[in-house]
Amino acid sequence: ATLDDVKARGKLNCGVTTGLVGFAAPDANGNWEGFDVAVCRAVAAAVLGDPNAVEFVPTTGKTRFTALASGEIDMLARNTTWTFSRDTDLKFDFVGINYYDGQGFIVPKALGVTSAKDLDGATVCIQTGTTTELNLADYFRANNISYEPVPIETNAEGQQQYLAGACDAYTTDASGLAATRATFETPSDHVILPEIISKEPLGPLVRHGDNDWGDIVMWTLNALIAAEEYGVTSANVEELSAAAGDNPEVNRLLGTEDNLGAMIGLDATWAKDAIAAGGNYGEIFEKNIGESTPIGLARGLNAQWTEGGLLYAPPFR
Amino acid sequence: MSDTHAESVAFVRETAIPPALPPATVSGPVKWMRDNLFPTWANGLLTVAALYIIYLILSSSLPWLLGGIWNAESLAQCREILQGNSAACFAVLSERWNQLLFGFKYPPELYWRPTLAFVLLFIAAAPVLFFDLPRKLLIFTGIYPFLAYWLIWGGTILTPLIALLGVVVGYLVFNRFVKGSFAAGMFGGVAAALVVWILGGMVFSGADLFSLRSVSSRDLGGFMLNMMLGITCVSLSVPIGIALALGRQSDLPIVKYICVVFIEFIRGVPLITLLFVASVMLSYFFPPERTVDLFLRVVIMITMFSSAYIAEVIRGGLAALPKGQYEAADSLGLDYPQAMRLIILPQALKISIPGIVNIAVGLFKDTTLVSVITLFDIVGMIRGPILASTDWNGVYWELFMFASVLFFIVCYSISQYSQWLERRLATDHR
Amino acid sequence: MTEAVEMKVSDEIAISIQNMNKWYGTFHVLRDIDLTVYRGERIVICGPSGSGKSTLIRCINALEEHQKGRIEVDGTMLSSDIKNIDKIRREVGMVFQHFNLFPHLTILENCTLAPIWVRKIPKKTAEETAMHFLKKVKIPEQADKYPGQLSGGQQQRVAIARSLCMRPRIMLFDEPTSALDPEMIKEVLDTMIELAEEGMTMLCVTHEMGFARQVANRVIFMDEGQIVEQNEPEEFFKNPKSPRTKLFLSQILGH
Amino acid sequence: MTTLSDPTQESFRLSMLLNDTRYRSITFQAIALILLVAAIWYLMSNLFANLEEQGLNISYSFLGSTAGYDINQTLIPYSSQSTNLRAAFVGVLNTLLVAVLACVMATIFGVIAGVLRLSNNWLVRKLMAVYVEIFRNIPVLIWILIIYFIMTAAMPAPSAFRGDEPAASMILGSFAFTNRGVYIPSPVLEPGWMIVVATFVASIIGIVAYRRYSTKLLYDTGRLLPRFWPSVAIFFIPTLLVFFLMGRPISLDYPALAGFNFRGGLQIGAPLIALWFALSIYTGAFIAENVRAGIQAVSRGQSEAAAALGLRPGRIMNLVVLPQALRVIIPPLISQYLNITKNSSLAILVGYADITATLGGITLNQTGRAIECVLLLMLFYLTISLIISLILNVYNSAVRLRER
Amino acid sequence: MTEAVEMKVSDEIAISIQNMNKWYGTFHVLRDIDLTVYRGERIVICGPSGSGKSTLIRCINALEEHQKGRIEVDGTMLSSDIKNIDKIRREVGMVFQHFNLFPHLTILENCTLAPIWVRKIPKKTAEETAMHFLKKVKIPEQADKYPGQLSGGQQQRVAIARSLCMRPRIMLFDEPTSALDPEMIKEVLDTMIELAEEGMTMLCVTHEMGFARQVANRVIFMDEGQIVEQNEPEEFFKNPKSPRTKLFLSQILGH
C-alpha cells in the first residue's frame, strides 16, 4: 500500500508542475514553493510529521499522469483539472478541489482585443496534454472562429513564446495566467480577457484502487480547509492542540479529542502537523497567490462557504 | 648489341650531389598565399566571400560578446546597465553557475564531491585512453566507479566497498579457474561475487561507516547529470556491446537472431521513444512492489541504446581482423573463449576504439534528451527553472551558448582524441 | 643448392587419409583423397591455384570440416568430438602463407600463449622453450619486439617457432614463402631445411622447386581436387607422368 | 567416414552435449532460448500483474474516438472532431514531410561543405572545418532550441508589419519573414496552367535528352557539343515563352496582413522551419564528412591513372572519381537520412505536430493509453527504418563492384 | 631465357631531361637528373627503395611537378601550361604498380574511356582499337568483365592495353610486376617484351633483372635521387662500376 511505501521510504513523492510561480516553482536556492507545493508539504507533515520530507517530481502536462500511474509519484498536486475521463478512464481518484478555476486568455494590451470572440485568426499558445487544449478547440468551434494553436510543453515556454510575439494570445487556467503575468517585466501591458471558457476544478489526485491513501490526501486537504473555517492558523495551532478546547470539531481535528488519526492509520496529531506545515488553506492562499502577492488573485469562488465561496469541508467526526 | 648511344652509356657518378635547399619559389609565405588563397581567379573570389562571411559573423557577435555584463541580479538590471545597447547578459551564468553545473537540488555544501569525482575521472580514464601509461594505473580505473558512486550519492562507504570486494573476489576466482575452462571461470567468478555481496549485505546491513550525506538521484542535475549519464552508459554498454557483437557473429542461429533482432530494434527507434518507455512504461515491467529509480531506468534505456550501436562498431572491428587470426588461434589449439579473449577481442577492440569514441560522443550529446522527460540536465535546467524564473526570463542566447560551449569542449576534445588515436593505430599496426 | 637432406623415414604412420571428400556448398573441392604419411616424411604438395592444396592440409588439422572419408592423425581419428580435434591440433603445427602472427603480442608472447593456455605449461618454462626455438630460427634477439617491427622473413620464422613451441609431431606449411620478398625467402627455407634435417614430419605446400628437390622425399601434384601424381622428387621433375603435371612444371620452371 | 555418418555409430552420451560439435551448438542455443523465454515471461507477467492491479487494460479503441484537439499544420483535412487515428496520420505525414525536407537540405549543405572541405583554398577549407566541428559537437536538441529561439525572438512578429511606419516590411512585397513562420506567395492556377507546367516538364525532359544526345554524338562521331549553356536555355526559354503566350495563366497569391496574421500565400510555420533547418544543418555537418571521406576513399591512383591518360580534372571528377565515390558516400548518407527521421521526433520541443507529438504526445496524454501509443510509435519508426535499410541493401547490391 | 630482343634505336630524341631537380617540401628527392632517351630505346631503371625512381618517371608525364631544370618530351617542353601537359600526356602512356584500373567500368570501357573523351574518337572506332589491343595482351574474351573479376596479371595486362589505346609513342612502367604473384609476372613480362619488340620507347622501373637483360638497351641505377650509373645491361650486370651498384646487385641477385 502507498502509505506503507511512503513511511518506509521516509519521503513523499509528490508530482508538481515544472514551474508555475505561485503554484509550484523552485526558488533560487532550489526550494519548492507555492500553492500546490503547500498541499504536498501538508500531506508529508500529516503522514511523516515532517513537511520537508517531500521529493518534488516536476512533471509537464504530458508526463504527469504516467508518472502517477506508474507509481513514480504518490500523489499529484499540479493544478490538474478534475474531469470525468481522468477519474474513470485513466483510473485516478481526485480527492478534492483546492482551487476552483476556469480557462482564460491573456493578450497584449497593444493588440486592442477586448473579448475572446475578437480572436478570429489569432495564433494561440497552449500547453499540450491539458484540458485547456481541448476546451480551446471546443470554444473556437462553437463560436465558429478560426485560430492557430502553438502547442508548447511547459508554462515557461508558453510564456517565452507569448512574450516573443510568436502567439497573439496565451490561454490556460485563469490562475495560471495571473501567475504568469505576475512574472512579466511590465504586467500592466497585458490584459486577461473577461471570458472564462470552462470550469477547471483543480485538485490533488492519487491512483485509483488505494482508497486508504486517497483518504489521507483527501482529509489532509479537508483539514486545511476546515482549519480556516474554524480559525485554526499556523500561529495558534500549537496552542490549540496543546489541550482540548471548547470547539469539539476543532478538538477532533487537532486530535485532542477522539482519535481520528488512527482511523486513517496516522498519528493523532496528523492534522495539527499538516496545518503547522504551512498554515490553513487561507494562509496558504494568501501567502502564495493571494492579493498581497504579485499574482494577486482574489478569493472569489475559493472563499469559504460561509463567505459566499464554494469551499466546504465535510465535518470531522 | 647494335647501335646504343655511346654518350649515354657507361655513365658512372663518382661523387654524391649534395642535397640543396629548394628555390624560393617553392616555399615562403608569398608562395603559400598564392597556392592556398588565390590559385585561380574563381578561387580568389571564394576567398573574398569567405572573408566577408567571417567579417559578418565577427562584427555581429564580437561587440555583443565583449560588451557582456557579468554582474547583475536579473535581466531587468542587465538592461538597465546596458541602457539600450545590445550586449550579452552573462550575469545569468555567474548567478546560476552552480545550478547549471549541478542542478538546483544538489546540496551546495556538497559540490566538492562531484567536483572531486570529476577530477579523479581524468586519472581513471587516462590509462584506458592512452596505452603508453603504466598498466598499474588500471587498478585505479577499476576502483573509480565505486569511489565515484560513493562521492556522488553518498551514504556509507560499505556499499561500494562490498560491491568492489565482490568484483575483486569474482575476478580472482575467474582468473584462477579460467585456464581450466572459461565456463568454470565465469560461473565461479559470478558465484563468488554473489556470495560476497550477499554475505556482505547481511553482515554489514545497517552498519554506518564513513558515511557521507546521501543525495537522492532525483537531486542530480545540470551538466553533471549529462556527464554522469554519458560516462555510466558508455562504460556499461561496452561489455554488453561486445556480447551482442559476438552473438551476432556467432554461427548459432538462435543466439544470432536474438542479437540481430535486439540490435536492429534498438537502432530502428529514436532514443526519445526509448526514454518515453523508460519514463512511462518500464515500471509496468518491474514487480509491482518495487519502483525503480527514474535515473536508473534512464540509464538502462540509454545503455541498451548505446550498446546496440557499440555492438555494430565492434562487429566492424571483428570483421576487420583477417581471417588468419582466427585460424592461427584455432590451429594452435585455443578454444573459442580463449581465442576471443586472448587473440581476437584485444585486437578488435583496439580497432574499434575510434568508433566507440564516436558513439560515445553521440551518446553524450543525446543525454540532453532526458530533459524531455523532465530530468533537469543542463538543457532541462535552462528550459525549466532558469528561463521560467522572473529574473532571467528572456535570456536565451547566453544560456544556450554556455551549454553549447560546454558540449563543444567535451565533444571536440573527445573527437580530437579519437582522431589522434586513429592516426596512432594506423601506424601502430603495421 | 646443397645436397639433398638425408632421409629418416620410419614405418610408423603419422597421417592417414582415406577416401576423403570435401564440398564447399555444391562445389566439390577435394575428391577421393588417399594419402598416407609416415613419420619423418617430408612431403611437398604442388599444383595450380585453386586445386585444393590449402584445403587439403587445412582439413588435416580440422580448420576445415571434411564431409566424407576418414582422416587419422597420429592414431587419433578426426571426428566432430572436440576432444579429438583438440588432441590433433596439439600434435599438428601449422604455418600460414601470411604468417598470422598476433600483432598485439610480442614475439615471445606469441610463442608462449598457446603452451601456457593450451598445454598449461608454467610461464617460465614456456618462455624458456620459446627462447630455445627462437634461437633455432635465429632471432632470439627480437623476442621483445612486436611482429609489426619485423621483416616478412623474420615474421615467418617466428610463425614457425610459434608452432614448434607446442612441440608438434607434424608440421603443415601452406605456401610459407609466397608472401615474402625474394631476399627473404632464403632465410625461411633454411629454417625449414633445418627442421627437415631433424626428422620432423612435414607437409608443405610450396612452389619452391629447389626446396622440393633438396628436402622432400615425396612430391604430390594436385589438380582439380585430386591427387594426380606423386613420386620421389628426382623422378617427379625428370619424368612427370601425367600431361597435366608436365604442363604445370613447364610453366613453373619456365620463366 | 567421419563427420556426417560415422561407421562406428557411437551411441549418444550425455557428455556429447558439451563435447561434440554437433550437439554443443544445440545445447548453447537451447540455453539461450530458455533464458530469453524466461526473461520475456518475467516481464510479461509483471506487466499483466501491474495492469490488473491498476484496473487497466490494453485496448486500441481509443484510436477511433474523437481527438478533440487542433493541430496547426496539417497536410490532410483535420479538425478537432477527427479521430485520434487521423491525428496520428497527420503526425505521420508531418514526420515524413519534415524528414524529406531536411534530407534534401542536409544533402545540399553536406555536399557543398564536404566538397569545399577538399578545396585547395585554405580559408574556405578552414571555414568549412569550423562549420563541421561546431555543428557536429553540439547536441541537435540545443540546435533545435537555438534556431527556434532565433526564429521567435529575433524575427519580427506579424504585428511589426502593421501601422504606418511598420518596424518590418515584406521583402519584394511578397515574402514575409515573421516569428510565426515564413509567408511566401502561392501559385494560383487559371485555365491553361497545365500547358505551362507541361512545357516546363517537357523542357526538363528536353535537357536530359539533349545531354544524352550530346554524349551519343560524342560516342558516335567524336564531336563534343557544349552542354551547360544549351541546358540553361532549354530550362528557361520554352516555359517563359509559353507562359506569356498563354496570357500568364499562373498568377501568384501574395500573403497580406489581415487581422492577427498574414493571410493568403503559403505559410511555412516557424516550428517546421526551425526543425527543418536545425536538422539539416546539423546532419549536413555529418554528411559533409561522409562526402569528404567518400571522395578521399577513391585512391589517388585512380585520378593519377586518369590524368596519365590525358583526362582533364573536371572529367576525372565526373567519369572516374564521382562514380566510385558515390558508392562510398551513399550508404552512410542513407543512414544519415534514417538519423534525420529519428531525430525529427524532437519536434515536440518546438511544437511541430509530428507523430511523436500527436500520437506519442497529445493523444497519449489525453487518453492515458501510454503503452498502446508508445508501441504504435515504435512500430512506425521501425517500419521506416526497415524500409530505409531495405533501400540501402538494394542499393548496395546494385552497385557492388563485381569481384572474382 | 630467350634471345635478347633485337634493338631498333633511332637518333631521334624522345625524352630529354636536363639538370632536373625536385623537392618534396624541403626534401630533395631528385638531384641534377640528366637523361636523354632516344626513340625506340628501352630503359630499365633500378635502385633501392626510396631512391626516386617513381618520382623520376612521374615527373616525365607531369604527375609530379619538378622545380628546376627542363624536361622535353617529344619536342614539347613540360611547363605549367595545361596545353603542353595535355599534349605530353597523350604521347606518354603509363602503367602503374597497382594497375589503377577503374573498378566501376568494364574492361572495354576502361580501354575506351580516354580515347572517346580525350581523343574524341567515335565509340565504335575506340572499341575496335580497344579489342585490338586486348587481343594483343591476350585477353579479348574478358572485355565485358569488371576489373575485380580478373587476376592480377590479367589486370596489369588490361592496364597496358588501356595505355596503348591512346596510341602513345612512349610508355612508362612503374614496377608493373611487383604487385603480382610469381606465376602472373611472366604473362605481363611477355606482353612487355612483345611491346619492346615492336620498337616502343619504354622506360621501366623494375627489379626483374631477367627482363632487363633480355629487353633493355640501357640500365640506369638510381640512389638517393641521383642517377649513379648507367650502362648496357651486359656491362652493367657484369662489371658494375660504382660500389653502391655492386652492393645493390649482390643483394638483388643474391638468392
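Side notes on the structure shown:
The chains carry the letters A, B, C, D and E, assigned in the order they are written, with residues numbered from 1 in each.
Convention: a contact is a pair of C-beta atoms (placed from the backbone, for glycine too) under 8 Å apart; a residue touches a chain by one contact, two chains touch by 3 or more.
On a predicted model such as this, the values are computed, not experimentally measured, just so you know.
Common neighbours of chain A and chain D, by the contact definition above: B.
Number of steps on the shortest path from chain A to chain E, with steps defined by chain touch: 2. Legend note: the chain whose CA centroid lies nearest the centroid of all displayed protein CA atoms is B. Among the other chains, the CA centroid farthest from that of chain C is the one of A.
Overlaying chain C on chain E by C-alpha atoms takes a rotation of 170 degrees, rounded in steps of 5.
By C-beta contact pairs, the most connected chain pair is B-D.
If you average the Cα atoms of chain A and of chain C, the two centres end up 84 Å apart. Chain B and chain E have Cα centroids lying 51 Å from one another.
Taking each chain's centre as the mean of its C-alpha atoms, chain B lies 27 Å from chain D. Chain geometry summary: the mean Cα position of chain A and that of chain B are 42 Å apart.
Of all residues in chain B, those that touch two or more other chains are 280-281, 283-284, 288, 383, 394, 396. In chain E, no position touches at least two other chains.
Counting partner chains per residue, chain A shows two or more touched chains at residues 66, 160.
Those residues of chain B whose C-beta lies close enough to touch chain C in the complex are 179, 322, 324-325, 327-328, 330-335, 338, 342-343, 346-347, 350, 428-430. Across the interface of their complex, chain E is touched by residues 1-5, 8-13, 16-17, 19-23, 25-27 of chain B.
Residues of chain A touching chain D in their complex: 61-62, 65-66, 69, 86, 89-91, 110-111, 119-123, 128-129, 133-134, 136-138, 140-141, 147-153, 160-161, 164-168, 207-209.
For chain C in complex with chain B, the residues that touch the partner chain are 58, 61, 63, 82, 86, 89-90, 92-94, 96, 98-104, 113-114, 116-118, 120, 148, 162-163, 166.
Of all residues in chain E, those touching chain B in their complex are 4, 6-7, 9, 21, 23, 25-26, 28, 31-32, 35-36, 38, 41, 67-68, 217-218, 224-232, 234-235, 241-242.
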